[in-house]
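In this document, chain identifiers A, B, C and D correspond to the written order of the chains, with residue numbering beginning at 1 in each.
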Amino acid sequence: MKEEETILSYEQRVQVRFSEVDSIRSVWHGHYVQYLEDAREAFGREYGLGYMTIFENGYFAPVYELNLHYRRMATVDDVLLVKIIYCKTIGGKIVFHYVVTRQSDNELILTAESVQLFTTKEGEFSPLEPEFYKQWKQKWNIL
Amino acid sequence: MKEEETILSYEQRVQVRFSEVDSIRSVWHGHYVQYLEDAREAFGREYGLGYMTIFENGYFAPVYELNLHYRRMATVDDVLLVKIIYCKTIGGKIVFHYVVTRQSDNELILTAESVQLFTTKEGEFSPLEPEFYKQWKQKWNIL
Amino acid sequence: MKEEETILSYEQRVQVRFSEVDSIRSVWHGHYVQYLEDAREAFGREYGLGYMTIFENGYFAPVYELNLHYRRMATVDDVLLVKIIYCKTIGGKIVFHYVVTRQSDNELILTAESVQLFTTKEGEFSPLEPEFYKQWKQKWNIL
Amino acid sequence: MKEEETILSYEQRVQVRFSEVDSIRSVWHGHYVQYLEDAREAFGREYGLGYMTIFENGYFAPVYELNLHYRRMATVDDVLLVKIIYCKTIGGKIVFHYVVTRQSDNELILTAESVQLFTTKEGEFSPLEPEFYKQWKQKWNIL
């Protein structure tokens, strides 16, 4: 009998700000990097994998890869829903997928993926999976 | 006899700002999107393919894909060199590659690629290659 | 018999982001300008005086004066409460006061004032109080 | 015989970026805080009073007051000249005045003042003028 797999995800609501909209009335493409981090920080608070938790265990988890696929433009006063999904991977990586939609009409705005690696506080990449991360995976039934 | 191929590129100097460095003393990963756009705008001014030129011809050229590969962290007072290279492609696309290095020790910090598509001012994707872009390619001997 | 005066105010909650904290672990001073605008936009949505409302009536309301008094530093994961208070003034001005405190210990972080003037869409300062603004004041019993 | 007074100043060139211009085609008011800091950092490099110098002497110099007087709007592709002037004051304060003009037509865009105080690395305000700052003033003949 197959055990049901845990899917960890979170949906972060983002209200587009006046200052984030450029002269062609669409959200400047760089701001989505912040929206994704907003979702990642909210995920971290929800599931106990925030920057400070990682830091207190002796590590940083800098972004190593970030791919952004822009599909439609959002504009001022839009409310965006940023869905972040934790992706199972082997070893010392944190991988997230993101789907950003507009609340009013459910249109797809952007999809994205990020990969984070662990480094020591001296900035050296960690070849081994940190012990605290193994335990975190076990806690959430991620095998 | 083979005609020599034109390679269009530009190198933009970026002085890292105090405000761009995060609490672990490295440049926050989102700021690189701005550094790449700085290089793209400088390229546009150099070769006549800036936002305003595109706009005056009746188009926008929003970013459609952006892939960022972070390799080393930069820190406060670093000077970064952002090399932007125009990539030949067929049809109505603008594709750039980017290589970011640190001036002081020539270390590789980031590589990236961007794809821009053309839209009309109403925001509709343009299926055909705009005439002004064809002429721009001819002018720079891009076949 | 003295009619009671209407005080229009709003309290906006701001979660400090990782990217907003600088290398000395305090919120970079420039980000407060955004926090104040977040509160101003929320006030606008609450009381019907948002950017789009002003725009649809034929005006812009650019910031003309902004004074910021920093009193304590905030840091990562702090939750800030940005209280915005509308100040009665004569003529075509919008004046707000702001008080920013930290939720956890109620410490004062910043106070600020902003003055906005009205311009036409061509960017000319409007010497007269716009009619829609007079009506807005009447609606909220601001004499 | 009157000794001539030293006036320490610096002029920083700022190229307005596409992403800094808002939906009414003028530079978003918050970005000027960064432009002023750009000038302050350049001044620091020029005269030996940068963030890192202050830090290495055991202090921070956070902004305590910032007043911004917006006079005209700047727009995309404008080049701005940010003049920063060091103001003599008694005690442990760093005071700067700023004048921002547009290069093309010399129009006044903004004036501003900033006050910085010294804190220890633990964030306590320093009641005394730091020794290194006294020496810096002497070096530049500021009495």
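Please note the rule applied: a contact is a pair of C-beta atoms (placed from the backbone, for glycine too) under 8 Å apart; a residue touches a chain by one contact, two chains touch by 3 or more.
Small disclaimer: the values here were computed from a predicted structure and weren't measured.
Engineer: Using the contact definition given at the top, which chains are in touch with both chain C and chain D?
Structural biologist: Chains that touch both chain C and chain D, as defined above, are A, B.
Engineer: State, to the nearest whole Å, the distance from the C-alpha centre of chain A to the C-alpha centre of chain B.
Structural biologist: Inter-chain centre distance comes to 25 Å.
Engineer: Compute the distance, rounded to whole Å, between the mean C-alpha positions of chain B and chain C.
Structural biologist: Roughly 36 Å separates the two chain centres.
Engineer: Chain B to chain D: how many Å between their CA centres?
Structural biologist: 31
Engineer: When you check chain D against every other chain, which residues touch at least two of them?
Structural biologist: Answer for chain D, listing residues that touch two or more other chains: 18-19, 30, 34, 37, 76.
Engineer: What pattern do the touching chains form: line, ring, star, complete or other?
Structural biologist: complete
Engineer: Once bound in the complex, which stretches of chain C touch chain A?
Structural biologist: Interface residues on chain C, with respect to chain A: 17-19, 34, 37-38, 41, 50-52, 76-77.
Engineer: Mind listing the chain C positions that touch chain B in their complex?
Structural biologist: 18-19, 21-23, 25, 28, 30, 76
Engineer: Could you please specify the touching residues of chain D with respect to chain C in the complex?
Structural biologist: For chain D paired with chain C, touching residues are 24, 26, 29-30, 33-34, 37, 55, 60, 62-70, 73, 123.
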